[in-house]
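Chain lettering (A, B and C) follows the sequence in which the chains are written, and residue indices restart at 1 in each chain.
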């Protein structure tokens, strides 16, 4: 029991490729350390509707497999109704829906309480431009 | 640092169509304002197992694309094992699993901390009857 | 308003089958009761990258339908790039991405604030070995 604490930060991305999977575990861990929160949760949430966040393996083959699955389910360049607005990123919206745009990571003893293989990734589905992600930690 | 606060509310839906995507950003924002929470998180979570919640674009074409994807992956009226119970909404359960039934939105400076295009939607997959969603805000 | 509280616990699974869907609502409810938290949230999060957590129906047909969908989208034994590392569980990583590895359940009046049909399941996609899940409750 005790006083409630919170902390907020924003990460910015500008990927070179249209789709890119960026490991951000270290940035989230540093943010949590800086927050002084011992017990709580940190929300890691994309602020764009053409991006996702997942916790999975830092293994290039697995990431290529996931990218191939998403491309199979919602291919780039298909004839999306969204494109009637002039946009060309209909696939990225659908990939965002399938992956989910956020995760919540527990904070225990002042640190991210992740399993041994769990890494946090920002999933860019429509990059080569500035995108943001919010980190929000709450606890005590 | 300071005292911990919380607030709870429930939204009710009764859609005219079986599948419908209802924007609820304003209701969630009003709820957060009323909570008096300056820094925290609000959970937006469907209380039924045939509904979802997502944060995405308020653009009818994109929503039609997502609906078409979900209908392709888990079509209405397919021969689901769930239907042996007498139910006919097996597709809606699967759509709920694929979309996820909840989002968490950060609260910063007393307001929803969303990106410029992010809108919160309740996704009804088996409507024309009363359904509920819970809003739970915590913070300080 | 009041003092902030938190509680942490870990569940361990060792399924007999490779894929198994284990209802854990009662364990999560007991954990919340023990935490003494009246208003807050509990995070239910797999600590492995080949597992998921969902809230859905405790109905074997529906679970079989979801398993069939996941197996159709990311079949066991397909030729995944991840398998070049010597692993054989590429499908399980993809199933985890599709299902999401966590849920957040609101706590109201000291109890899980779930809808009448909502049950929490641990979804094992690569079992027959020890796996862990973290429960983290915060509130007041």
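Just so it is clear, a residue touches a chain if its C-beta (ideal position, glycine included) is under 8 Å from a C-beta of that chain, and two chains touch if they have at least 3 such contacts.
Please read these numbers as outputs of a predicted model, since none were measured by experiment.
The minimum number of touch steps linking chain B to chain C comes to 1.
Chains compared, chain A against chain C: the Cα-based superposition rotates one onto the other by 120 degrees, nearest 5. Of all residue numbers seen at the chain A-chain B contact, under half occur in both copies; the interface is built from largely non-matching residues. Each chain gets a centre from the mean of its Cα atoms; for chain A and chain B, those two points are 19 Å apart.
Shared interface positions of chain A, defined as residues touching 2 or more other chains, are 3-4, 41, 73, 98, 100, 104, 138.
The touching residues of chain A, counted against chain C in their complex, run 1-4, 39-41, 54-57, 59-62, 64-66, 69, 73, 98-100, 103-106, 108, 113-115, 117-118, 138-140.
The part of chain C that touches chain A in the complex is made up of residues 3-6, 8, 41, 43, 45-49, 73-74, 80-85, 90, 93-94, 96-98, 100-102, 104, 132, 134, 136, 138.
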